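You will see two complexes here that share subunit A, one where it goes with subunit B and one where it goes with subunit C.
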Partner chain A sequence: MRIELQRRDAPSRRMSLLSPLIALALTMLTGCIIFLVLGVDPIAGIYAFFVEPLTETWSLHELAIKAAPLILIAIGLSICFRSSNWNIGAEGQFITGAIAGSAIPILMPEASGAWVLPAMLVLGMLGGAAWAAIPAFCKTRFNANEILTSLMLVYVAQLFLDWLVRGPWRNPEGFNFPESRTFSAGQILPEILDSGRTHYGAVFAVVLAVILWLSLTKTVKGFEIRVIGQARRAGAFAGFDANRLTIFAFLLSGALAGLAGISEVSGAIQQLRPSISPGYGFTAIIVAFLGRLNPLGIIVAGTVLALTYLGSEAAQIMLGISDKIGRVFQGLLLFYVLSCDTLIHYRIRFAAIDRRPSKEIA
Partner chain B sequence: MGILEAVLLTIITAATPLLLAAIGELVTERSGVLNLGVEGMMIIGAIAGFAFAQMTGNPYLGTLAGAILGALFSLFFGFLVLTLVTNQYATGLALTILGLGLSGLWGEAYIGVPGIKLQPVAIPLLSEIPFFGPLFFKQDILFYISIGLVCAVSYFLFRTNAGLKLRAVGDNHHSAHALGVNVIAVRYMAVMFGGACAGLAGAHLSLVYTPQWVENMSAGRGWIALALVVFASWRPYRVLSGAYLFGAVGIAQLHAQALGIGIPSQFLSALPYIATVVVLVLISRNRRLTLINTPATLGKGFVPDR
Partner chain C sequence: MGRVLPTGQEDQELLLSTRGLTKTFGDLVANDALDLDIRKGEIHALLGENGAGKSTLVKMLYGSLQPDSGSIIWRGKETSIANPAAARHLGIGMVFQHFSLFEALTVADNILISTDNPVSRQRIAQDAERLAQSYGLPLNTRSYVGDLSVGERQRVEIVRCLLQNPQLIILDEPTSVLTPQEAEGLFETLLRLRAEGCSVLYISHRLDEVKALCDRATVLRHGKMIGECDPAEETAASLAAMMVGAQVEKVERDHDGALEAAGEVLLELSDAGLEPESPFAVRLRNLVLQVRSGEIVGIAGVAGNGQSELFRLISGEVSAPHDQIKIRGKQAGGLGVNGRRRLGAAFVPEERLGHGAVPDMTLSENLLLSRHASDRVAFQRFGPLGVVWKSMLTEAMTRICDAMDVRKSTADPAASALSGGNLQKFIVGRELDRQPSILVVNQPTWGVDAGAAQHIRKALVDLAKSGSAILMISQDLDEIFEIADRILVIDDGSLREAGAASKVTREEVGMLMGGATAGMRTSTPSSEENHAH
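Moving on to the complex of A and B:
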């Protein structure tokens, strides 16, 4: 038996809605098999992973806290990926954003007043955008592959943060722990509800996703992004400058990743540590694709992926299996999402290998 | 053993995994497929090599397992990009994420377990040569394989019919298809070869470089290998020199840290990554040269018209 692809005349609308759902279902099915291999009751496993975190107020708050950075980063990445700019260094931009934004509370611990938080957020965005500007510049000016340069800069950013919190930015009263001083009241992103820890990062995520969706669908810039991504030459004839768009996409996604970074540090962690992200920048790539590069879809997809973080913790506590299972689920999900996207553009046929139907040449 | 000899030995050890992974990826890319999953295949090779060496007590079986599992793991990628024609960039990333996750899950039982080192094999007579003998003829088997592979790949690509077909597939899949070459089959084999090589590279990490299992122990080497292929402009012998250059940068920062010169260790650790960016910029600057060397269908999917 062989698998043949037949191009559809037009992309299937039904499939483009269904494909993320099919991918989720297949991931859960594969998850059941993995649970069986690990000797865990698959029903209990799926329950612990996907349902348990949704049953309590505090865990819903944790879900929002984890979803916020994923959504913020992923909507930026969706602009990049739509325009064929492969920024996979969002993790590094998240970190430099967090560092830049934390400069105020760490270097000026006495700083207080209404200007402090907005200044931190702006610095965070600038920090992320500056880090993203490097691969964008290397790509447009020197033709250097942005995938590799942006990824290499992740390691550099991680090491830089490590140096800061062990060296010059270490808390002087911190008993030599590799941590910065903790932020004081006016430097912490406030919580939005009385019932739990969800901070304003979640608001930024949803509001910006909606704004970005509107600008993608309703403005010329949005049209330009879609045209250049799909047909670079056609875009050039229309007078769209691909290099300028590359810079724009990188700066925007860097700024959003930086905003996610400073929101996470100021809202959830409230100090700098050697490690401030459980791989948000990489997971956001999956979020972007699961959301079909649509900012509104990304809000849903970010929540689903946030669930895999909480689910792996819950599975570890309830069933005693490794929390590494979360990463496996994330990888599987991206695999299935990409496979199912094939269904949008192609019909899949299973044909016998020796009796290939001959087709007249049209 | 002199200090120079000791330094050169560590450079060889650092360069070998880069060389193995890069020569495999070079073949994959020559067939027109860009597999960004090198990091994932490498880490699968590392845990497979370590686990099988532990189970059997034999590091050679571990090495073999690393290659086989690397190749099998690359089939996930191959099926998606070749049969289902998915986006190669995204699928390669998925392979890396999945590889890091699976290896972490599998390796949990092996954290802190003392490893089994792949011992050097001395070649009679040649290893007696002063200075050069211990450097080149008293090495672990993976070093010999890495050098052998570079020569073999170069011969295969430029001196054999099958190699010509592979390059034809990479440069123009429609013409190759019209001439009766099975584009998809060639690419499947090239992807699996790349997977096996990355698996060997991973096995080198967990059986030679640091004989133990550490989570994420590939530490970006898969990505550096990808950069090496660009650096080498898809030529096997240039991969050799590139791998040793990068190995030297990695070792230089280790020695600088040991000497305790005034630079913070994090800055020195960042050197290999910064060097990669700088080298990529330097090598890609000449657009025309890059265009000539890059396999023309690199990263583009192919659906045979029947």
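Moving on to the complex of A and C:
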């Protein structure tokens, strides 16, 4: 017996829809095995991880709060990835966006009025975009690999934030804790519903996802992004400038990551701390691929990945296992999604080694 | 070239035959119960339009595809060929149309990579050079493939194939990239192989060549075997008729009329040049060229002498000093592709998939590819939002497909789903639909079947008649002589005027194509052969 991959004549539409579901099922199956090895009842484990968080109002709000930054970052990344620009540094752009947007409440704590929040959001987007501009510039100017440059800038941003909240931006009334001052009422992104903490970040995420989906599928700019991602030389023939698109894609995804950063800080945390992200920028890479690089699919995928954050907290509390299990599930999911995507272009064929070739194709 | 009778004509033993060989892809029957017979020591031609099923058949013989039913009989015994390694083991070798060589490696390393048995590099280099010499194919195994001409690369492929001691060699379109002189060299090698009892399966679009070289021919049409014939007893026209199932008409061109009515200069290069962008690119130097209204200027040349660079320069994919290129009298060197399109120029690149069209995009999206800027009003809505006007695109796509007789299986298929000929008709039609005043086309009928090629050539001639200027870069001399009014030759990045198509001969153009090195290349085989004896 031999297992072969046979190229399909055309990419399978059915598989491109099924592949994320198969990946999810395989992730759960592997999860069961991990739970067994850890000595936990797998059914209880899967229930605590994937189902329980969906049963209560407050946890649904937490889900929306965690999904919003994932979706915002991932839709930006989908534009990058579709045009073959490998921005791995959204985590850093998230942080610089948060820092830039927080400049107003921290440096001008008395600032109030209708202009404050919009200004914070705009500054956040500019901060994220500026950070993303560095790898874009290095790629177009020096042909530097954007995977490395954007990734390394994440650590620079993290350390810069760390320095800020321990140093110049430390709360003067904060008993020397490494935290900024807390934002005042007019500097906090308001909640949407009375029932819970979900703030306007979730609205930004869904609205922007729909707008990006429309641009990607209906406009010439979206066409340009798809053409350059699929066939660079055809893009040159169409008169599209690949370098300009690289800059555009990085600035856009940086701005969206920055918006996610300032929304998270202003809406959920309400101050700057040494760590403001549980790896949203990296998890969003998984979200982008799980959502098929399609902004509408990313809304769903972002919600699923948000669940792994809640699930790992629940698993820690209820089953007493490390919350790192969430990262394991995220990694498994990405691994299976990428593997299952093979099935879109190939079909699996079981072949005996010495059978007659004419009978091989059933 | 004279036709040499095969040695051992009385020996009619079959080397390879297929019985009822069938392969289907979905609904398409690519090969329908084929009975092919190849005798020992013959050069057997496989003829057919693109999409007739030649490559499918050859891939099954070489083991890279498996038949659905039917059998392959090798030297009297039914066999199954599981993969190319099994084919090589049996004694079947193949030289592909598109070379599978690594440019940044040496010849010896390229050969080493493909050998099934582990041997030392030195040993393989020695074997290769000895073999190459004995067949009059001079080869330096230490050269980097990137530095070799296309003809030399083909030699590497052939030598690599011969090192496996094959009894059957399959050659896919071997001469499409060679000068007439290089092709002659190849023919001598093939005749020599035949004399040694080796069989050759020869796939070609060039019917004259098949007539001169091949002992027998099998003709395929739409996956079925139409018949076997002796090409020497057929005319090129009768062979073509068998292939397409109808008489193919030659495009008539009134050369002198066009020259007399020479209109205003629409495209002009004045001392243009281009620095190489990569180590394997060609430097263009001192290009001077004028293309007038109503004329077709043909640029002949061996592949890799700057054709693609010239196309990039004229199309605006790379920019030039503003005054070096003029389109309809306006300086255009600094303009990009779309700026030049807005001045009335249109372009058809050599590579269909990946350059002229995005493979996985539909035809209507590919229509947008070259015309989103020049026909902004027609295909975009809502001003600055730039929303694609889908219904207008579909309408134009249908109009183009009707005008060019593009055959497609669904209303708006992906570009990669079309056969080469149909996609090329679409890509040319996409530009003709704009009624461009200047059309620059690189290899208009490369790898396209006879019927589609005639259709495209006729469309070019009609466009010229309507007053447009056409610059046609082509490696196919027949094509150039068929429709061009004036011929230039590109050699090592320089253009040389050959003269009016009605005045110069093929030999004169061939000499210019070979450039200064042509003399050297043709003289080496004999001297090295003498040396070996």
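Heads up, the rule we're going with is that the second predicted complex is superposed on the first by the 348 of 362 C-alpha atoms of A that agree within 3 Å, B and C clash if a C-alpha of one lies under 4 Å from a C-alpha of the other, contacts with A are read in each partner's own complex, and residues count from 1 in each chain.
Going forward, contacts are C-beta pairs under 8 Å (C-beta built on N, C-alpha and C of every residue); 3 or more make two chains touch, one makes a residue touch a chain.
What you see is a predicted model; the values in this text were computed from it and never measured.
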Subunit B versus subunit C as contact partner of A:3, first or second or both or neither: first
Touched partner set for A:115, first subunit B, second subunit C, both or neither: neither
Contacts of A:223 with subunit B and subunit C, given as first, second, both or neither: second
Contacts of A:153 with subunit B and subunit C, given as first, second, both or neither: first
Common interface residues of subunit A - those touching subunit B in one complex and subunit C in the other: 356
Subunit A-facing residues of subunit B, complex: 36, 76, 80, 83-87, 89-91, 93-95, 97-102, 104-105, 108, 219-220, 223, 226-227, 230, 264, 266-267, 269-270, 273-274, 276-277, 280-281, 284-285, 287, 290, 303, 306
Residue numbers on subunit A that touch subunit B, as the complex places them: 3-5, 7, 81, 86, 88, 134, 138, 142-145, 147-149, 151-153, 155-156, 159-160, 162-163, 166-167, 282, 285-286, 289, 322, 324-332, 334-335, 338-339, 341-342, 346, 356, 359
Touch list for subunit C against partner subunit A, complex: 25-26, 66-71, 80-82, 315-317, 336-338, 341, 347, 349, 351, 354-361, 365, 368-370, 372-373, 380, 385-388, 414, 417
Contacting residues of subunit A [partner subunit C, same complex]: 9-11, 218-221, 223, 226-227, 230-231, 233-234, 236-239, 241, 356-358, 360-361
